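Chain lettering (A, B and C) follows the sequence in which the chains are written, and residue indices restart at 1 in each chain.
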Amino acid sequence: MENTIATQANLHRRVGLVFKYLLLSVLAFIVIFPFILGLWTSFLPTTQIAKGALHGTMSWQNYVDAFTQTPILRYLLNSLVISVVQMFAHLFFASIAAYAFVFLEFKYRDLLFYVVLATMMLPFEAEVIPNFQTARTLHLLNHYAVMIIPFLTSAFGIFMLRQAFKQIPLDLKESADVDGLSHWQFYWKVALPYSRISILTLAAYSFLGSWNQYLWPMLTTFTNRLRPVQDGLRQLHSEETATNWGLIQASAAIVVIPTLIVLFIGQHYFKSGLNEGSVK
Amino acid sequence: MINSFPSVKRRRQTNQAPGPKEEVRANVKNFELQKNDKYYAWLFLGPSFLVLGIFVFYPMLRTLYLSLFLTDSFGRPTVFVGLQNYLNLLTSKVYMASIQATGVYVIGVTAFTIICGLLLAAVANQKIRGIEFFRTIFTATMGVSVSVSAIFWLFMFNPSIGVLNQIALFLHLPTVNWLTNPHWAMVSVITTSVWMHLGFTFLIFFGALQSVPKTLYDAADVSGASSRYQFFHITLPMISPTFFFVAVITMISSFKSFGLIDLMTAGGPTNATNLLVYRIYKDAFVDGNYAVASTESIVLAIIIAIITFIQFKLLAKRVNY
Amino acid sequence: MTKLISIFKPHWRWGLGLLALLAIIGGFAYGNQAHAESKRIKVVFWHEMKGPGQKQIDAYVKAFNKKQSKYEVVAEFEGGYNGVIQKIMNTHGTAASPALFQSMDISTSQMYHSGFTTPVQKFVDRDHYDLDQLVPGARAIYSRNGKLLSMPFNSSQTALYYNKAVLKKYGITPPPVDPTYSDITRVAKQIHDKSHGQVKGMTMEAYSWLFEQLVANAGVPLANHNNGHTGDATKVDFTSPAAIKAMQWVKENIDYGDFINFGSGGNASANEAASFLSGHLGIFMQSSAKTGQLYKVLKNNLGVTYFPRPDGKKANGIAVGGASLWISNDKPAAVQNGAWEFSKFLVNAKNQATWQAKTGYLAVNKHAKDEPLLKQLFKKSPVLEVSGNQMLRTTPNDTNSGIFIDGLVPARTSIQNAMQQIFAGQDIYKSLKAAENSYNKVLESNNRANGRG
């Protein structure tokens, strides 16, 4: 008798497990389906895709075409340069500003901080008109610089690093003062290393933010030599007028695969970051 | 969405005005150093204030100024009209429809992102073999940018060769004009947007679920509470701060949706997906009507400011939590 | 001040780092300009041609750069026609602006008023360039007070396409080459009936250009002061009997069930073409520039007619659409000369012949059709000549030479919205009236802001 109950419970558990895996698989399939389809079609000849067929001779032809006939590599390079430069510049300017708000004594410090904080409420999207005109007046249009300079600093970055710097024990600063460390030295040798998690997070945020810029580069660049990758894809999509789907899918894949690889490799980091931030 | 990423990690930290400790520190310092601080403050804050001044403060004032004028073909303000632009805008049916569409989009994206993200997190929050693999897949859309998402989904929504309609045909269901029917177009962009937001939302919710103390569930198990009861009476209350946090973040991010709309529908059909930000772009940089676009910018700024303000309040609450 | 310097002193490495950063940023900014330091005069050319048009332009640029050593033309694709107008308005006078740009028919007035371009007439007069070699209809669109403002380039007219194979299959008599509304309705309905709904009769993209040309073909203006040709237009009229009638014609087919709606925009035209080519759609209207692509697939099963006209009325002729080449006046004379040379190169008979053969745009050079390439092509496939004939037979007048108003893009948007509403079953007059009212408001404030009207 007891035996049967145990078997039943076991069976129950097993059915439950199968159900769990089924659910997980279905959900995973739904989430990843657009990727799979995009990748799959990027290997098919466009003539097949245009007929609505999802089978055909697989080949690298679309990738060859994307690399040889479109400036996709140039787009990627542009984005890489812009994002890296912007990331470092943003980290630098936001961190020194945050440093000032935490470790320096000066008049109106808190007032100024609130002024900075207030800018978080002003969306860049609502300011593109004057910003465009400013960029034009400063002769920045059609340069890498135009995609970097407006984002050299941000209220968000300053806010975040200020929070991080505030975690630094006061004794450290005091003993640094006693040792005669200058602000630059303390900033470089103590403040930055101590807050490296926040710095890294802000770096990721800044890099991704720059990488995903769409509207601003679209307004301020007029040549493929400078276009970053998001606007490059827009350009390709518009040039091919949705007729050369194979090429478009291949270009999209070329853009997404590096980020996916980084994401999968970075899993560990993301998770530890999460543990740190988990709600207690 | 990106906007929030790091602040998740920072949420334990305090955001208080300088307390007595700093004063102590100030006393420790000698006078010479304090005097030095002033120069350093100029040096450290100068660049940031320069950039913020030129690209954030000035443009806001300038936008406000432009919104009170008519602008000519060159975008110069020529005729002062006071609040006329605002009156025109707020009495315009098309603009109101745009606000409504934005509302539907924002609420739709936020609601479904939360529901789907929570579902994925709940399903992934169990200890079975190979769960890591599924978790990795669930975060995958974090690596997808706007353009790539739009392109992947455009292909699926294609009326003649798109997979969705082919599946429909296969199942003898009626096909849908995903992007050309006003209602379905909204559904389509919301779907794509939810998909894009999913990876990040999953990650946040998953982190929150993992941090709910196990003992709470053990106690509930002992008292024989059903798993549904446990979800609604333990899990949800425990993760409610995360819940609101994700909601606000997703809202702000979807308010600013531009690339998706630009690539997928260009605001159409019949303005059905002409969301506020896209409208600003179109009025200014396609139609050349800078005054109207400035007025719309101010309205958008007010809306986003309100939501950001709520975000601050919530963040402050979380800290005290 | 010495204090400030002393701060830097012990931190020279930091200072260096900062300088390096600024240098990198600056370097990128200026490195991009330095690129142009070859001996040739650089002529940046913005265009909006995609697909075969882009390929052909690239070929012309290559040929031109090879043929002479004074100028170097650099072509940049700038997206759709609509966006380019503001790009020009916004970049004029900066290093980002082009020397030569392609801008569409309806931007003529805005470009004229902007004062940002050098009228082509100046170069024509200087070089005694023979304007008679250009098609009159194409010149009419880009002229003001008898002076040519820009060089007509890629020209097209609206055309009506039908699939001969579909008609043959169901035994339907094809429409005449100069059809009336009811000719088309008859064919569309028959396709629908005889295929038992398997093949849709017709479609029309919710595309304002098509609407404008239906009205133009009826000989009715859309704006006062003769479409703005004889004075600054202050009012538009989208609800004239001719406009209503045109929409009623579409509505009749919608109600009958033979009409399929693809909506509006780039995806719509791609989708309707795909549907047409795969034999699921019998008739559609689109730019004649599509002829080449359609012919490539359908060969002699492609049928082309003139744009439809109202019943019992002689066709007034329709405007030459497409775009022309404008020379910016913010560049030095030498650069402008380069732009002019390249424009001439693009519209010579030989290049216009290949242009038409490769892209389906109509040659703006009258002598192009005497080129062996086009002669052979037309002999082999007469259907490719139809739209060209439509253009050549048209005598330009104020109702078929476009609308001379600044900022017509929003007008098109509102007309397209009205069309989509009508296609979705809403009232014709109400929809068009709403579009008319909304654009009249825009027009009024535009005129006010610019001190016109």
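Note that in this section contacts are C-beta pairs under 8 Å (C-beta built on N, C-alpha and C of every residue); 3 or more make two chains touch, one makes a residue touch a chain.
Composition by chain, UniProt nomenclature: B = Sugar ABC transporter permease.
Quick caveat: nothing in here was measured; it's all calculated off a predicted structure.
Asker: Going by C-alpha centroids, which chain is farthest from chain B? Tell me that one.
Answerer: When every chain centre is compared against chain B, the largest gap points to C.
Asker: Going by the contact definition up top, give me the pair of chains with the most C-beta pairs touching.
Answerer: A-B
Asker: When the C-alpha atoms of chain B and chain C are each averaged to a single point, how far apart are the two points in Å?
Answerer: For chain B versus chain C, the centre distance works out to 37 Å.
Asker: Whole-Å distance, chain A centre to chain B centre, using C-alpha means?
Answerer: Going by mean C-alpha positions, chain A sits 14 Å from chain B.
Asker: In chain C, which residues are in touch with two or more of the other chains?
Answerer: Residue numbers touching two or more other chains: 7, 87, 90, 266-267, 274, 278.
Asker: Could you pull out the residues of chain A that touch at least 2 other chains?
Answerer: Residues 50-51, 132, 149, 242 of chain A touch two or more partner chains.
Asker: Using the touch definition from the top, which residues of chain B touch two or more other chains?
Answerer: 36, 40, 43, 75, 154, 158, 160-161, 284-285
Asker: Write out the stretch or stretches of chain C touching chain A in their complex.
Answerer: Residue positions touching the partner: 7, 10-11, 14, 18, 21, 24-26, 28-29, 32, 35, 46, 50-51, 54, 76-80, 87, 90-91, 94-96, 98, 266-267, 270, 274, 278.
Asker: Using the touch definition up top, name the residues of chain A that touch chain C in the complex.
Answerer: 50-51, 81, 85, 88-89, 92, 132, 136, 139-145, 148-149, 182, 184, 188, 222-226, 235, 238-243
Asker: Taking the touch rule as given, give the residues of chain C at its contact with chain B in the complex, in rising order.
Answerer: Spelled out, the residues of chain C in touch with chain B are 3-4, 7, 82-83, 85-87, 89-90, 110, 113-114, 206, 261-268, 271, 274-275, 278, 406-407, 409-410, 413, 417, 420-421, 424, 438, 441-442, 445-446, 448-451.
Asker: Can you tell me which positions in chain B touch chain A when the two form their complex?
Answerer: 2-3, 5-15, 17-18, 21, 24-26, 28-29, 33-34, 36-38, 40-41, 43-45, 47-49, 51-52, 54-60, 62-63, 66, 75, 119-120, 123-124, 126, 128, 131, 134, 136-149, 151-156, 158, 160-161, 163, 166, 195, 198, 203-204, 206-208, 210-211, 238-239, 241-242, 255-256, 258-259, 262-263, 277, 280-281, 284-285, 290, 293-294, 297-298, 300-301, 304-305, 308-309, 318, 321
Asker: Which of the residues in chain A end up touching chain B in this complex?
Answerer: 17, 20-21, 23-24, 27-28, 31-32, 34-35, 37-38, 41, 49-52, 54, 93-94, 96-97, 99-100, 104-106, 109-110, 112, 116, 119-134, 149-150, 152-153, 155-156, 158, 160, 163-164, 166-167, 170, 173-174, 177, 183, 197-198, 201-202, 204-205, 208-209, 211-212, 214-215, 218-219, 229-231, 233-234, 237, 242, 245, 248-249, 252, 255-256, 259-260, 262-264, 267, 270, 273-280
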